[in-house]
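Worksheet for the structure shown next.
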Amino acid sequence: MPLGPNRWGKSEVRVSKVFRGQVADDFIDLTVRVLLEGDVAAAHIEGDNSSVLPTDTMRNTVYGMAQEHLTRDLEAFAGVLCEHFLERDDVHTAEVSLAESLWQRGSTHGFVGGGPERRTARLTRGETESTRAGVEGLVVLKTSGSAFENFPKDQFTILAEASDRLLATSITAEWTYSSMPSNTSTAWALARTTLVDRFFEDWSASVQHQGYLMGEQVLSAVPEISEISLRLPNQHHLPFDLTRFDMAWTNVVFHPVSEPYGDIYVTVTR
Amino acid sequence: MPLGPNRWGKSEVRVSKVFRGQVADDFIDLTVRVLLEGDVAAAHIEGDNSSVLPTDTMRNTVYGMAQEHLTRDLEAFAGVLCEHFLERDDVHTAEVSLAESLWQRGSTHGFVGGGPERRTARLTRGETESTRAGVEGLVVLKTSGSAFENFPKDQFTILAEASDRLLATSITAEWTYSSMPSNTSTAWALARTTLVDRFFEDWSASVQHQGYLMGEQVLSAVPEISEISLRLPNQHHLPFDLTRFDMAWTNVVFHPVSEPYGDIYVTVTR
Amino acid sequence: MPLGPNRWGKSEVRVSKVFRGQVADDFIDLTVRVLLEGDVAAAHIEGDNSSVLPTDTMRNTVYGMAQEHLTRDLEAFAGVLCEHFLERDDVHTAEVSLAESLWQRGSTHGFVGGGPERRTARLTRGETESTRAGVEGLVVLKTSGSAFENFPKDQFTILAEASDRLLATSITAEWTYSSMPSNTSTAWALARTTLVDRFFEDWSASVQHQGYLMGEQVLSAVPEISEISLRLPNQHHLPFDLTRFDMAWTNVVFHPVSEPYGDIYVTVTR
Amino acid sequence: MPLGPNRWGKSEVRVSKVFRGQVADDFIDLTVRVLLEGDVAAAHIEGDNSSVLPTDTMRNTVYGMAQEHLTRDLEAFAGVLCEHFLERDDVHTAEVSLAESLWQRGSTHGFVGGGPERRTARLTRGETESTRAGVEGLVVLKTSGSAFENFPKDQFTILAEASDRLLATSITAEWTYSSMPSNTSTAWALARTTLVDRFFEDWSASVQHQGYLMGEQVLSAVPEISEISLRLPNQHHLPFDLTRFDMAWTNVVFHPVSEPYGDIYVTVTR
């Protein structure tokens, strides 16, 4: 039977890039979809793959092209990708869709992500009593100021030591008030600012180390807080190995990974 | 067999409140969970409901209490709710959890929500060609400046006419460039700002009317744009009828509804 | 500027219907979207709503038509809805989309929903030790055999007493093994079957009562289980009041509600 | 300040395993979380990582252990993992949580997944008219009978040729009726069964080839259908390279990947 309209491509390709600066870094975070149309009737009807550019190759191309060509001009980058795919005679039409997640600069190397951030409060009254407040969905990333080295190695170790890496997390924090602050909104804002500022400013040897430093400073800043618990999922931005494509690795192209994620829980008390 | 630990309550109670001002309104958007513990062994074992406060009543209580007691002091509002439920002798412990979605003021009556806003671009090259850009997840709300009146009525009409209502939507917009702007980021920012500003500033008789005004102004502002398509789901914030509880209705307590939603598509061309 | 293509409608309209039988009931669960095109240029450009059928009315129409016309023949029901909206002269094209969630019959009045059910296990070893197993996402519904009456009333009570109602929940259960069963898969299957069968077979006075009966029977059935905790969110299917449309209420058309939900936690021990 | 309770681990580790048989294969699909407690105060306070087993290593261990130890006895596999991590003196407590997505056998090598499958219908009436039906969320997987070879290679090619691979997809299909079937439920069921059976039974050289064969057979089976469009996202189950751990690769342990995914659209007409 006749083959009707058809397309193939790769969706949800996640790529992040750091624009390294003298004083400050910039950062972009994209999700890319590539869809091609071309001479693939034989692939559908006869199983002949000679014109089916693998979707895995499309993905790799996005990373490979990102190192040289990706800027804030999304349309220009999409144009480079379209042209690349159209170099093949058997590709007739290329559609490239980009979606940029919007991060806001918080420091020279720190960014706050567009997560659905929420202020939280939790009161228990009656036979047990507690007053807790917190924040969830507070997404932060820094392009420098985080290491992970000197960890134990065994048969299953692949991870390379990193003296300076990208670090991103979605902060969930909940703290306990030993006495009610005179203004709960002000206390909340101070705790939240302290979390973000310490994440951006303090060098850390691990997520655990970062979390401890953040918690310690919140306790210093807000005297009514007696204890703080943090959950800091490590939203990995992995270096994408471009040397497989005979390209130099310049430490700017990363692969954000949704799953799995490192899952770190820290509590700091007085 | 023995009953172990147990609790009951209501989760995902959505409540919004407008703080009406002389010049500007303020706005708060909460999701509430109530969980109670108490003398309910007979309910579990014998089916005796005389101590089971219905979770529907808990929900109603949140709305009823919000009119007088809800401010930005989340902990104070949680405390009022806890005390209310503990007035019952058969309730021993009340836990109230609040999560405030963070909106940013954009005008005297307009707010931008913490959605996962993304800038988009979509290029097609080859046998067909187009250059499109847009935005998605741009959540906006206004507390005034929107009406819906004089619509057709039939057997199934319940909706009341509204001369001034809350209006909220998550903007998805995509426009086509007839020629490439010299700076795509600047063009994007101008289009996005125009969408938000017109939503906040222009009185509208319907979502359709609002969308047309927004699209028209984007075309006026950015000469390279030849056409714009908007999808504007109506994220209803419904008045919650407090008169059922012998309370006055003061036009401040609303019930945000996730589903169903009005689904409005508008295209404006040159 | 010229108005381009446009549509309006209502998305995510949730409707469920019970087909009452002598011996067994049948049940259908739909999500509906209505989209109309018509003479609405004046609405967009001039704010004239006289042809804008409110999306709230579209929603109501779905419920109103469901009582008489909804069967398993989805296309027939969609046809009835299309015809109804096309009766208006100012509507030119109607598109109705239906999506039926597939439930599997489990008993004469009980159904298992197509949730992403998962078998779970959780082991802790070291300084503390426990062996737990469970199930999550096990969605069940019964069209009869559940009541909620004789509950306390106060200023905020709206809920009507119900001697026989629809009851639906998504079971999350976790139990503790005091000793490891000889076959963990067999033990799991027996616990799961017991949960589902008791939900279907046992009349209950409340979710709490239902949960206790389910937990008690799991402990009876599997001797290695020492304790079971259930979370039973009440996935409300509310009667949709058709009497507002001068229609008889025949107890077959319901409105499934995602939020808020009653949130019930029960533990049963030996 | 004192460090309070803390844990670290890896969440959302996705692993699938094929149990190869003489006649039929069996298949299991798990999501794993590992959480450890141990001597990591120095890591938090001083940044000393010598006791911080990387969460990446935990992930790798799950795959490494799965080849030999993973069976349907989830608790036994969790026990093996716990014991492994407890071999380290600096780990005091290990918690391993497993969640098994439930697949139903459909053929000797084919499985239907527990997706939220929905039957769909879409009618347009008025100025344009069409009657469409379909299915969405129909998740299928086969452990054999799919290849991808002889595809074009370029600078960015990493993908290895595969003569027999795992193939999984979540079928979205929509077909058009040129005339209304006498029984739409029967017609729907026949089309759905044909899709699943052809996916399981027909060897394919690519997703495109598979999709064409499926569409062609639906047109053969249901004469009222004039055209069918399929969207077949390739839910990649990638071989997890165990040779990096000095282990043999036996073609049974895979890494299911949520993003990115190959995105294949096929239409077959008469």
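The chains carry the letters A, B, C and D, assigned in the order they are written, with residues numbered from 1 in each.
Assume a residue touches a chain if its C-beta (ideal position, glycine included) is under 8 Å from a C-beta of that chain, and two chains touch if they have at least 3 such contacts.
If you're wondering where the values come from, they're calculated on a predicted model, not measured in any experiment.
> What shortest step count links chain B and chain D in the network of chain contacts?
2
> Determine the centre-to-centre distance between chain B and chain C, using the mean Cα coordinates as centres, and give it in whole Å.
Between these chains, centre-to-centre, one finds 23 Å.
> With chain centres defined as C-alpha means, what is the inter-centre distance between chain C and chain D in Å?
The computed centroid separation for chain C versus chain D comes out at 27 Å.
> Can you give the whole-Å distance between the Cα centres of chain A and chain C?
Roughly 35 Å separates the two chain centres.
> Listing for chain B: what residues touch at least two other chains?
none
> Name the graph shape formed by the protein chains and their touching pairs; answer line, ring, star, complete or other.
ring
> Quick one: which chain pairs are touching?
Per the contact definition above, the touching pairs are A-B, A-D, B-C, C-D.
> Within their complex, state which residues of chain B touch chain A.
Against chain A, the touching part of chain B is residues 31, 37, 72-76, 78-79, 82-83, 86, 91-102, 114-128, 131, 133, 136-137, 177, 180, 183-185.
> Report the residues of chain D in contact with chain A in the complex, numbered from low to high.
So the residues of chain D in touch with chain A come to 1-14, 33, 35, 40, 43-57, 59-61, 64, 88, 148-152, 154-159, 204-209, 211-212, 215-216, 219, 227, 229, 233-234, 244-246, 258-270.
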